[in-house]
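Please go over the structures that come below.
Next come two complexes built around chain A: one with chain B, the other with chain C.
Moving on to the complex of A and B:
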């Protein structure tokens, strides 16, 4: 029994140490972001000659949203002489290809790419489109996104720094009124971008490039070997290949793009499972290169490892719960002799658990969020749900690694929009989104869901 | 070189964190912590009085108070003594309570997708406690023991809470003095709410013994502390966000 108690105590200490490290990081980022007087903003730079850009929009069965994203891109205020939109129909079985062809026929800057063979998935689609792109900068948007009119200019601005290899914009769910889950994810996304990404960028550690609202320098992409079509998270994969090779990743908080967040738990479960698997796979592939690279400072390396290992916190937490449960039924364990140990444990429980909520609340404060912030306590349920989904995804991932079997294929996230005919931007609600992306108020957008 | 103006943005740029504000937060945290520590004996007495009154109000007999040691550094506290239910007294009651609780949780599991993992965890706690009750009947938990465990945790929460409130309500708000009021209010609420939760737990132990103890310990212990903090924090954030709304355009130039 003494051995079991010692093991349980060991597991508990491990959990406390790991999660405390993440909690401290959350507080540091949040306080840093909250008090930041002058965040770096590349939009303040003048005299930068805008480069030629190629916008890549991979689509697989996206008939509900294809027209909206293409219309939004056409309405962007980027010089058409320096712009091409590569709409990639990746083996769609619905009207996606037809919609793309209609746009290509009407607008000279839209080029249709139809894929009917080869490997599937976003990485493979990007690989093919990149070979046809003529821009110095490749911009990426998911098909369910609404880029605002100024979006392309905002995302291009950081490339005035020749060391910047990739740039990431801010993702904001527009369907936060659709379900409790999407509202909670709205808060979560706000924390991740408004606080996490912005703090990382300003602290000089690496913000993550996401392949949904972002851009990559074509020469940097070529230099690091192009897209990895095998990866479930090709954006994370590219981020770390860029940084270990000395490129910087920039983040533009005001480049807001609107997405559809999952509205049901089943969809969210698949999404977060894919992220956990892809992310953890990147951890296994990149940690030696990250530790060995001369291009990153120790702080940057540590933070990069924190980012890549973030999904490990879920199984660590479960380990802690199991240990606590065992110790609860062991009377000797209740006789905590050291006041300091007990104080540290309770302190960890309070500060550790509240760290992410401090981040959520601070993001809501900076954004001027409305009543949605009242839902914050419900995020505990989301947290429990995500922990289970991540653990089960990681279990499957490690089982596959041990058995040497093939990884799961790409799962497309379900779209909820009722129809997409390119007219979304002409109704009042959608125009609010676009104004918001241009920097005007979007406070009341929640009340006008499309 | 900067542009004359850049696009205005809906978010405020930052919160002004002056040295005075940081000092105010630290001073308040120290003051509240010292007050709690210095007045701990009185707090323990009042905490027990509230819990015992609630138990009596709900018809559960109490038999005076026993002294339990919280921590050597914090001294002892009074703990209301009540009867606790034992499995061998009425196994049928345990079965009925267990089955009905499991059914209720299963219905919740089926209907609220987002709460599924949480409910599964509660189910595990419930079944584990039932197993201990049936197969390890020697394991007993008296009301005073439970109160001791409870106070060992809650007393520490009262001591830590001021530091927590200082960071959440004073550093994170544009109006620091309102944050001070929030911090004091949360401290007072935390104390009273702890006594109410303890009384509820003792009442449940009185009627069902160990069966719900892990579940209550989990759901009404530190989790409940976290929840009320979150509720207050979300209300405070909403207020603060509304106040900063007018300043949103000021950082565009």
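Moving on to the complex of A and C:
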């Protein structure tokens, strides 16, 4: 029994240390962001940096959204002489290929790439498109994203800095009114970008390149070995290959782009499971290089490890709960003085997770959506669901590592746009653009009515 | 434990839990179907955005029914709480004031010490008297701000804008040509031509770079690395980033002019001696100074302050995390009809005789300063004008 109590105490101490470290980091970032007067950004030179760019849009069965993203990109305020759009039909079985061909036939800047062979997944599609791209900068958008007219100019501005290898914009779910989950994910995304990414950029540590609503310098991509088609999170993989090789990642908070957030718990479970697996896999592959590189300061290295290990907090927390329960029902354990303190802290994290909630609330306030902070108690649902999904995904991941078996394939996140339930489409419009009798797409005015 | 006390305790806890989720649920019911954030997908960044938006609003307001005059003549238009006064021409007496939005169909002039607390739109020329305070002004012809005028927001002219001595514009100034007098202060200026007035008290400085030897980075001949070390360049600190980019670990202060043939990131300070030619982008994590008569064809990015010496020519972006200094005779112009931009995280100082085709902005301000003030900067970077 004494051994079990010692192990439980050890687990509890580990939990307390890990969660405390993350809690301090959350507070640090949030307070830094709240007190920031002049964000370090390149907004004042937007429009003055205009290199040749290639926009890559990988699509797999995206007939519901393909026309929207292509039309939005065509309408972007960027010199067409310096712009090409590579629309990648990645083995689609629906009308995606036809839609791309229609756009390519009508607009000289759209180039259709049809993939019918080779490995599947976004990384593989990007790998093929990159070999055909002619731009100095490669911009990336997922098919369900809706870039505004100024988006390309805003994203390309930080590349005037020769040290910047990749740039990330801000992602905002447009369908936060569709379900409780998407509303909660709206809060989570706001905290992640408005606080986390912006604070990391201003503090000089590494914001994460998300693989969409962003860009990468073509020469930097080549120098670090191109896209990793094997990775489940090719964006995280690229972020850390860039930083260990001396490149920086910039963040542009004003480059806001709409996306579709998952509306059902099952879709969310799959998405966060994939992220947890890919992220943790990157942790295992990059931690030696991160610690060894001379391009990063100690603070940058520590933060990079925090980013890569973030999904470990879920199993660590579960371990803490189990240890707490065990110690609670073991009378002998009550003599350990640390127990009360540890239990209090874990309870604090469990029922409030105050640091994260502080970050969520602050992001809502910075965005001018202060009423949304009332939703935060419901975030417990998201918290428990995410914890379960991450633990389950990591268990499978480590089981595969031990057994040496192959990992799961890449799964596309489900699209909801055709249901017409998102905020942009609340008038029942199925699409952001309408195809006219002449075959050309025009902006669907109803979808944009305030 | 007395049962009723326990029941009360349970009821209290239950109430707290209920309220905890009740307010959340009520909020969810409110936000269901709402737009999450006011992202305008049609937004396009323009330097004269405020002025264009104001002009557009004025056009709409002028179609509203007037209170006291026919369409096309002097009249007053009410729009909710706004009063818009439309006049053919207007000349205000010294010290006069107005709290109406003014639309002037011809020229607009106001004497010294006027206080105009709302926006002004003039279809003709506009002249603001010395020491006046105005909210914002848009004019279809030239605008002249007298000495010590304060503009709370923006100024826009479709012709030439002259900003007088010690004027302060708290936001943007946009025009076709902008001339800034000594001590003028603006948050940002954008025009195809921006000029600071010449300073008669400053000594003319005719610098003719005479470069005998220059350091080319990357080195064309690796064998010569040892000799370059004596001249302030340690080739072992140079690491390749990609085919066309390098990192230099440490400060770089060569004793001969620098010829930068590839993109370079300096992890420290960098001082480029007079007569340097920066053909590619240069970034420093610390201070960056470019000596007199140099030519910068790439972008210059400095983590801290950025200094351009006398008569430096640049054709890319200048971006500094702290102050940015444009010395006398600096000329910024990009080819092919494009514009240059220079941004300072704090203050952008420009001496007299600076010409820039594009945009200047500062987190704190853009300010025209006298040559005497510039000397301390030059000493800081060991670029005393006597030396050069």
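Keep in mind that, in the parts below, the second predicted complex is superposed on the first by the 390 of 450 C-alpha atoms of A that agree within 3 Å, B and C clash if a C-alpha of one lies under 4 Å from a C-alpha of the other, contacts with A are read in each partner's own complex, and residues count from 1 in each chain.
One rule holds in what follows: a residue touches a chain if its C-beta (ideal position, glycine included) is under 8 Å from a C-beta of that chain, and two chains touch if they have at least 3 such contacts.
Computed from a predicted model, the values in this text were never measured in an experiment.
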- Which holds for A:245: it touches chain B only (first), chain C only (second), both, or neither? second
Q) In the superposed arrangement, does A:180 touch chain B (first), chain C (second), both or neither? A) both
Just chain B (first), just chain C (second), both, or neither: which does A:376 touch? both
Between chain B and chain C, the one with more contact residues on chain A is chain B
### Query
Touching A:329 in the superposition: chain B (first), chain C (second), both, neither?
first
Touching A:385, do we find chain B (first), chain C (second), both, or neither? first
Query raised in the report: In the superposed arrangement, does A:367 touch chain B (first), chain C (second), both or neither?
Result: both
Applying the document's definition of touch, where does A:194 land relative to chain B and chain C: first, second, both, or neither? first
* Where does A:72 make contact in the superposed view: on chain B (first), on chain C (second), on both, or on neither? -> second
**Prompt:** Once the shared chain is lined up, is A:97 touching chain B (first), chain C (second), both, or neither of them?
**Reply:** neither
Footprint intersection on chain A (chain B / chain C) at 44-47, 150, 154, 180, 367-369, 371, 374-378
Seen from chain B, its contact residues with chain A in the complex are 1-3, 6-17, 71-74, 113-118, 120-121, 124-125, 128, 132, 139, 145, 148-149, 152-153, 156-157, 159-161, 164, 167-168, 171-173, 214, 217, 222-223, 225-227, 229-231, 233-235, 237-238, 240-242, 244-245, 248, 252
Touching chain B in the complex, chain A uses residues 27, 31, 33-37, 39, 41, 43-47, 150, 154, 180-181, 194, 253-254, 264-266, 321, 325, 328-329, 331, 334, 336, 339, 342-343, 346-347, 349-351, 353-354, 357-358, 361-362, 364-371, 373-378, 380-382, 384-385, 387-389, 436, 438-443
In their shared complex, chain C is touched by residues of chain A numbered 38, 40, 42, 44-50, 72, 77, 146-150, 153-154, 160-163, 172-174, 176-177, 180, 183, 186, 217, 219-220, 222-223, 245-247, 256, 258, 294-295, 367-369, 371-372, 374-378, 423-424, 426, 448, 450
Interface with chain A, chain C side, in the complex: residues 20-21, 23-28, 30-45, 47, 188, 239, 241-245, 247, 249, 263-265, 280-283, 298-299, 301, 316-317, 319, 321, 338-341, 343, 345-346, 358-359, 361, 363
